[in-house]
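We call the chains A, B and C, going by the order they appear; numbering starts again at 1 in every chain.
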Amino acid sequence: MTGRGPILETRGLSKRFGGVTAVAAVDFRLDPGELRCLIGPNGAGKSTFFKMLTGQLRPTSGAILLDGHDIVGAQPHEIGRRGVGIKNQVPDVMNGLTVRENLWLAAHTRQRGIVAKSAAGAVADRLALGPILDRYVGELAHGQRQWVEIGMVLVCEPKIILLDEPAAGMSDEESDRTARLIREVNEHATIVVVEHDMQFIRQIARKVTVFHQGRILIEDSFDHVIADPVVRDVYLGRGGVA
Amino acid sequence: MTVNQEFASDAAIPPRWWWWLFVAALAVTLMVMPSYVDMALQLDLSIIFILALLALSMSFLWGYAGVLSFGQTAFFGLGGYSYAVLSLNAGVTHWPFVAGILLPMLFALVLGYFMIYGRISDIYLSVITLVVTLILEKTIRSTSGPEYVIGSVRLNGQNGIPGVPSLQLPWDSAAQLSIDGVFYLSAALMLLVYVGLRLLLLAPFGRVLVGIRENERRMELLGYDSRKFKLAAFVLAAGIAALAGVLYAVWGNFVAPEMFNLNQAAQVVIWVIVGGRSTLIGPIVGTGLVQYFGNWLGTQGIGQVTLVLGLVLMLFVLVFREGLLPTIGRFLGLLGRRFRAARPA
Amino acid sequence: MEQIWTGLYLIVFSVAILILISLGLAVIFGMMRVINLAQGEFIMLGAYVCVLASNAGLPLWAAYVAAALLIGLFGVLVERLIIRFLYGRIIDTLLATWGLSLFLVGVVTTLFGPQGRSVSTSFGNIALGGTNISSYNLVLIAIAVAMLAATWALARFTTFGLLVRGTMQDPTVASVLGVNRGLMYMMTFGYGSALAGLAGAVLVPITGAAPTMGVFFVAKAFITVITGGHLPLLGTMGAAGLFGTIDGIVSYVRSSVAGEVSVLIVAIALLRLLPLGITGRLRSGL
């Protein structure tokens, strides 16, 4: 890695909802070109963390530094423009429009005219979305809708891609394809993946961050994390760490 | 490509040849009409075109951008009143015509900014536009006294402003627009706005608007400032409504607080719903139908009109959710499929 | 000195009227997230019931009770026949209730004619700080306070109130615990309607009853409820307090129309800062 400093960093990032602390003073650091996995039981704060990174939620306290700039308080579309792309947990697409239109709308944020059209076409080819280009997204199967959303994120050529459970609801074959795609895309973008499927993570993970009760429990390579007894306890629900 | 989708407000597809044929035929018919049709009918039809413009403004905002605004009649009234006050003061009509459109758009810009950039929920926005319309009407109605004067024109409260000048012809300022002229103008503008809005669906602005309507959050995450687009749509819709208001003043040579009226607003909503809010041609048809129906009922008395309007609204919300035209279109589509299926392979 | 008393009285009176016309809507909105555009017409119907009951010889207080009961029942009917089918479809509910409001105005105009009617009361004037005011206005203020107190007591001390609060907080959990959500909604809508009917009856001696009176109240009620936020009692009190004060002062100094315009402007500005209303961020409370 070039000595450029982290591409994404959070310092003391917290989010409280009334009496509930979803994320507690998280110091997170992501270097350019990384492929990081975020794991942790449900309710550990991963989705809330993602939402703060994209500006959908405003942190209660702390800073989020994107390439050194604090983006707390920035509007979601500004963060999107700065090169953060997110694929949400539940497919978040324009159901009433065609696949082609969805991709075009994504491409149009970066390109105009003919170039946008061909960029959308290129992404469709890459993801083998050709046959369903003129179908309405709302009518597609779950896995296909995931792919459309991934396509939309990719066509924007973001610097950082956040993937919230990209393999959810996919068949083994589709998961493999997704894993391969993620590794390919990693050559040009930094990626953070939230997932539960350990087999999937095994295929892509280098460094893994474990979230628990709004905090980072441990950050290490996949093999170390999977062998760690504390992590196992947390997943099996045997009490948390203070 | 069904009839439905052709007119629907989410087709980023260029209109087919037969749509252009339809538009051309309509244009020709309208051009030729005054020679065959008597004055009374021309006046009746003109007001339908003008009100159809108002309906189009609402269905554009609602169908494309997903914003339900009850405020279109507020801009309608503001347009009419602006034109009336300015033209009576100035003695000319050409720049008051333009100002009558721009001033309400300015008002829409300010109101819309507060609502849309404040990110208030859709439902609150709808209610606030409703309230603004109500309060505007009340305010205008209360201007009966002689102290309510703009320039040399009294606002006249309940009674409205009479004697609003008809449009002066640009090439001969002594002459004014005749009944024929009003017919041509309103028909032409209605057609232009209809075609314009349909073609807007092809432009990036239109496509982005529809995307925002479908999933605002996703569009923001992609990098679109949805507030800017919604505000632009809000102001554009206000402009179309204001244009209708100015034309109304020209048509009737008269403006009154009734233009802001909630009943008027209700009628606009009903035209759009009856016609089908996801289409553009629907509101035009809806306007015609409801106007004629309303006129016929109007002979029975005010109470009945409101009563029936209310019933129609409830019926269409509960039962015919998509409106007449899409329902008919869907029905025809079903028939078509049945017919094709019955034929031997 | 006298000015202050008059001023205070005007403010309290304004606030009381706002509470009267808004509380029913706030209960319905807070519980069911339903924007009932026919609420103004419920008030209007209550006013007519009061007029009819009065003309039939009933004492005023009996007319109030009749209005509350009858309109409450009518509300239950409306919920069963219309609202029930539109849960979750906020805009459709808005449109359908608007259709209902037009329908009701039409029916009343057809049956009773467009001109207003009134009821005379035996309440005389009393002197307050140098001006004469009708002592009936004080009755109105008392009833508004009683409405608030009764609603609070109902919510706090009865089983029904507990079930309502639970369903408000988390409808899914409540229904899993055996609460019949449909019944809750029906009763709540009925209660909100009854409040509106009572408000109409109470207002009749002051404003008279006319088919289009509802329209005047709807604007104010909606502004109050929306600015108040999702907690019916706290929200209504807060918003009514704020707007009653503004409206009272501006109406006194300029005109009632100016008062309404000021309230609207303040409401829009306030919503810009607090898009969810005054109580929007509060998690608990009534």
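Note that in this section contacts are C-beta pairs under 8 Å (C-beta built on N, C-alpha and C of every residue); 3 or more make two chains touch, one makes a residue touch a chain.
All of these numbers come straight from a predicted model, not from anything done at the bench.
Which chain has its C-alpha centre farthest away from the C-alpha centre of subunit B?
If we average the C-alpha coordinates per chain, A ends up farthest from subunit B.
Whose C-alpha centre lies nearest the centre of all protein C-alpha atoms?
Answer for the innermost chain: B.
Where the CA atoms of subunit B average out and where those of subunit C average out, how many Å apart are those spots?
For subunit B versus subunit C, the centre distance works out to 33 Å.
At what distance in angstrom does the C-alpha mean of subunit C lie from that of subunit A?
Roughly 47 Å separates the two chain centres.
Please report how many Å separate the Cα centroid of subunit A from that of subunit B, as a whole number.
The computed centroid separation for subunit A versus subunit B comes out at 43 Å.
Where on subunit A is subunit B touching in the complex?
Going through subunit A, the ones touching subunit B are 54, 56, 75-77, 80-81, 85-86, 92-97, 101, 104-106, 108-110, 112, 152, 156.
Give the list of subunit C residues in touch with subunit B in this complex.
35, 37, 82, 85-86, 90-92, 94-96, 98-107, 109-110, 114, 211, 215-216, 218-219, 222-223, 226, 255, 257, 260-261, 264, 267-269, 271-273, 275
List the residues on subunit B that touch subunit C in their complex, please.
68, 111, 114-115, 117-124, 126-128, 130-132, 134-135, 138-139, 142, 262-263, 266, 269, 273, 301-315, 317-318, 321
Would you pull the subunit B residues touching subunit A in the complex into a rising list?
Touch list, subunit B to subunit A: 10, 12, 204, 207-208, 210-211, 214-215, 217-226.
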